[in-house]
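Consider the two complexes below, in which chain A is the common component and chain B and chain C are the respective partners.
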Partner chain A sequence: MALATQRVDVPVIVDESKCLEKCKACIEVCPLDVLVKNPETGKAYMKYDECWFCLPCEKECPTNAITVQIPFLLR
Partner chain B sequence: MNTQHLQTDFLVIGGGTAGTMAGIKAKQANPDADVLILEKANIRRSGAIAMGMDGVNTAVIPGNSTPEQYVREITIANDGVLEQKNVYQTGRWGFEVIQELESWGVKFQKDHEGNYDLKQVHRVGKYVLPMPEGKDLKKILARQVKRHKVRVTNRVMATRVMVKDGRAIGAVGFDVRKGDFVVIQAKAVVLCTGACGRLGLPASGYLYGTYENPTNAGDGYSMAYHAGAELTNIECFQINPLIKDYNGPACAYVASPFGAYTANAEGNRFISCDYWSGQMMLETWKELNSGKGPVHLKMYHLDDDTISEIERVLWANERPSRERFHEGRGEDYRTDGVEMNISEIGLCSGHSASGVWVNDKAETTVPGLYAAGDMASVPHNYMIGAFVSGRLSGINAMDYVEGLEHVEPDPEFLATEKARIYAPLDRPDGVPHTQVEYKLRRYVNDYLQPPKSPTKMDIGLAAFERYHETLDLMGAQDPHELMRCMEVHFIRDCAEMAARASLYRKESRWGLYHYRLDYPEKNNEEWFCHANLKKSETGEMEMFKRPVSPYMVEVNLQQEVYDVAVR
Partner chain C sequence: MAHTDLDPEVVQLVEMLQSQDLNDRLVAAKSLQHLGDEDTIDALILCLNDESARVQEIAVTALWEMANPVVVPPLLDCLSSAHEPEVREEALSALKELVAPDDLLKLLDVIQVEDVNVQLNVLILLRKIHDAQALPYIMPFFESENPVLREASIVTLRYLNQVVRCEPALALAKDANEEVRRAAILTLGHLSDEAVVPMLCDAIANDPDWQVRRNSAQSLDLHATAEATAALTAAMADDHWQVRKFTARALQKVATDETIPALIKALSDEYSDVRRDSAIALGNLGNPEVLPALQQTLDDPDRDVQIFSQRAIKKIQDKLAETSNA
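Right, the complex of A and B next:
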């Protein structure tokens, strides 16, 4: 099989200046398990574009670093 | 790849609404027993009620209604084909569930005198109890799980129930982050994995833009099938009237008690009752195809204060992101109707009637295997029904496990299942799950979306059977992708069940849910029965009829036809 990498607009935006290195709250609560930490920066980001725009990540973030947008295809 | 071996008395698969309650009730019944919840996500925020709920849809509260009245209402709404004693349980135990939830800190709406403030949304009775402050429901449940010392393993996805000598003896799965193979021996197992919410493809084309929480991909339907359990009335699809594109409830259950209603493009009513039923969906479908569409939830005739109150509920609970959806499109309920559409199909007994066959003790047809919540066939069961069936499974399983020993799993079974699960990792350059799933679900739309045509369903069925080969092309690059791959396996199984069951029942019933173009009428003489399916001894999917048990609450279906059309 031959694969190509395509760019997609992902719904979750993390304000890195507000994201705490030791925190994992959003990653723990996401039902789809699509958020991870960037090992280099220690900041959270959306790794997989599989989102139910349900908002636990945003509500549980202690610093309001997360913004969930409605996924582009539905917006 | 590491293997983890676990043992428990009672294994709960899926820690959502029904699952958390099953665990808690089992521990209350026997505090010495070991109870383990296995959850693909994290029970703090998983499943349909991840962000709480804005109301109870099936509350039978003394002084307002009786379990018998509730059974009547659902019997008529579900065209008579149901096991009344199962539905009765929801009416019988729902009030206790509500009181217990309240004692844990869940808030339900009360009137000025402190009585539950019930609303009428159903055709006859008042069963809707608003929960304007319901957003933390799941957090409260998770706290009670901990308090009751139920063990929890998050981020492990079950893939198969283990069965030996005709009895459920545990389950297998894998850790969706680390990739470990997980084998759990249990004396009894309950499946509470929710609906099959990823069957049809949403019109938006976004795989996860579903009504149901997309983690619920029909896992339990497929696992029950492979365990040898019977499933029932799978052709009674879940189809909902939803906000177009957003695919969430509009939500008439919240807004109609305030005076909102579903209207056509001219602003007129075309249904007399906003309660979701197959017949209501058929009227919606007809209206959309009559030139009078699109249909919308109409609130713009209400005053500003009323709309603000509706918004307060809708923006905080259940699907709170709808606020930003409307905002992004510049829509305001004061001036705009909420454009609605007919959803893609799914399987769910919480909303319709498609599920795993259970009795009034939440037992499936496999000893030691229980099913609860949306995936168990108790029609129109919704959230309180999920709690009640979870409760029944927990209490009854504790009786069942008394004196039982653990059984050693079959090594051959484990080896085969392990090979099936991990195969996509051996093909990192295989076709990505997103493409494999997209095509499968597009076929579901093409061939199974009602109205149902026999030729189309035949073509669909052949495509789903061939799809086994496509699954073998799928590749995964990490355990997370592996989880999605295994979900596609489940979705394929559900698609095949949906096609076979729909072809089997040669009549139309449940309005749009099972509207066949070649048999457009209801045929009570031949089809006033359940259509069940199971895996035969030789591994084939076989269909058969099951009689409807004699009613415990008398209903004259000749006179009491569910009809909400405005003529």
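Right, the complex of A and C next:
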């Protein structure tokens, strides 16, 4: 899988101000394992630019910190 | 609280549920939801009274996913106005799946609590159990001052399979609130009190709300009684197409020769659904006098109407052939 070089361009956007350091809910539910924690900040981010737009990460986030940007043609 | 039998990781999460820090409680509740360990049910039930609505909501979801019958009473407590709307909504969704006929007495106890949200949600839950024992507890809501409760109670009555007569419910067909009337009229389709059909005939002719008139046609379709034929024939001239459509459907069972002019007129209705259902009604009637009118609809712009007109013509011709052979 391609590494996501630009974190603003990926479909899964994490609001770092809301993301909880101890929480791993989104990482656990992602079927592609593309979400990881940044070891420095403890916040989740999308490491690999691959997404099925299945949305459990957005739904499971206890603080609603995740937004999945679904491409127009998939809406 | 002792958690000696639990996995150390789970024990840590259960202790986190008591943390002063909201973020810790959120993480713990979400992690326990994902673990789905039934030994944590008691801890999650305590979370239902957490000061954060989000923690409460996650706890409700976690208990829902465990689907253990012991969570029904604590989830019923979450239906009260003391909880935020999103928590109540989640608890209602959970209970819709979890309540079983054995929970009827619990629901009937809870419905007597003076709380609109509890009463409304329990009325909804009683629809799943559909036991006639609930009737005496539902009937007081027919006279409630709150139209939402009146509507919910009359809808619930429709789900009580064994109930075929309920005179106190009839008054709601004349309720001041149109949403209550819409629900009440649909419920009358399932009741067999003597006054029901005359009330439905009155509603289809005189109610100012077109949805009430349409629902009356649907209910009269269920009753399928010749007593309603005159009112249904008159309703074929209704202003709203949905009323005409469902009236034509009801007439498929009870049409008489007096209905023919109204049905033939409806064959040129602006709406194809009305034309199709009228053609079916004329076919069911089996009177050969309507054949010329039906033949004119064979080139209807709607393919559906053409097909059903053709079938209606065939039905009448088959009937004619049978009588001439006999």
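General remarks:
One rule holds in what follows: the second predicted complex is superposed on the first by the 62 of 75 C-alpha atoms of A that agree within 3 Å, B and C clash if a C-alpha of one lies under 4 Å from a C-alpha of the other, contacts with A are read in each partner's own complex, and residues count from 1 in each chain.
Just so we're on the same page, contacts are C-beta pairs under 8 Å (C-beta built on N, C-alpha and C of every residue); 3 or more make two chains touch, one makes a residue touch a chain.
Please read all numbers here as calculations on a predicted model, not as lab measurements.
In the superposition on chain A, A:55 contacts chain B only, with no contact to chain C. Of the two partner chains placed by superposition, chain B and chain C are both touched by A:28. Of the two partner chains, chain C is the only one that A:63 touches; chain B does not reach it.
Of the two partner chains, chain B is the only one that A:74 touches; chain C does not reach it. With both structures placed on the common chain, the touch criterion links A:20 to chain C but leaves chain B unconnected.
Overlap of the chain B and chain C contact sets on chain A: residues 28-29, 60. Within the complex formed with chain C, the chain A residues making contact are 20, 22-25, 28-29, 60, 62-63.
Those residues of chain C that touch chain A in the complex are listed here as 23-24, 26-27, 29-31, 34, 54, 58. Considering their complex, residues 1-3, 28-33, 47-48, 50-56, 59-60, 68-71, 73-75 of chain A touch chain B. Contact residues on chain B toward chain A in their complex (touch as defined above): 41-42, 44-47, 50-51, 155, 176-177, 204-210, 213-215, 245-247, 319-321, 324-325, 328-329, 427, 429-432, 473, 475, 480, 483-484.
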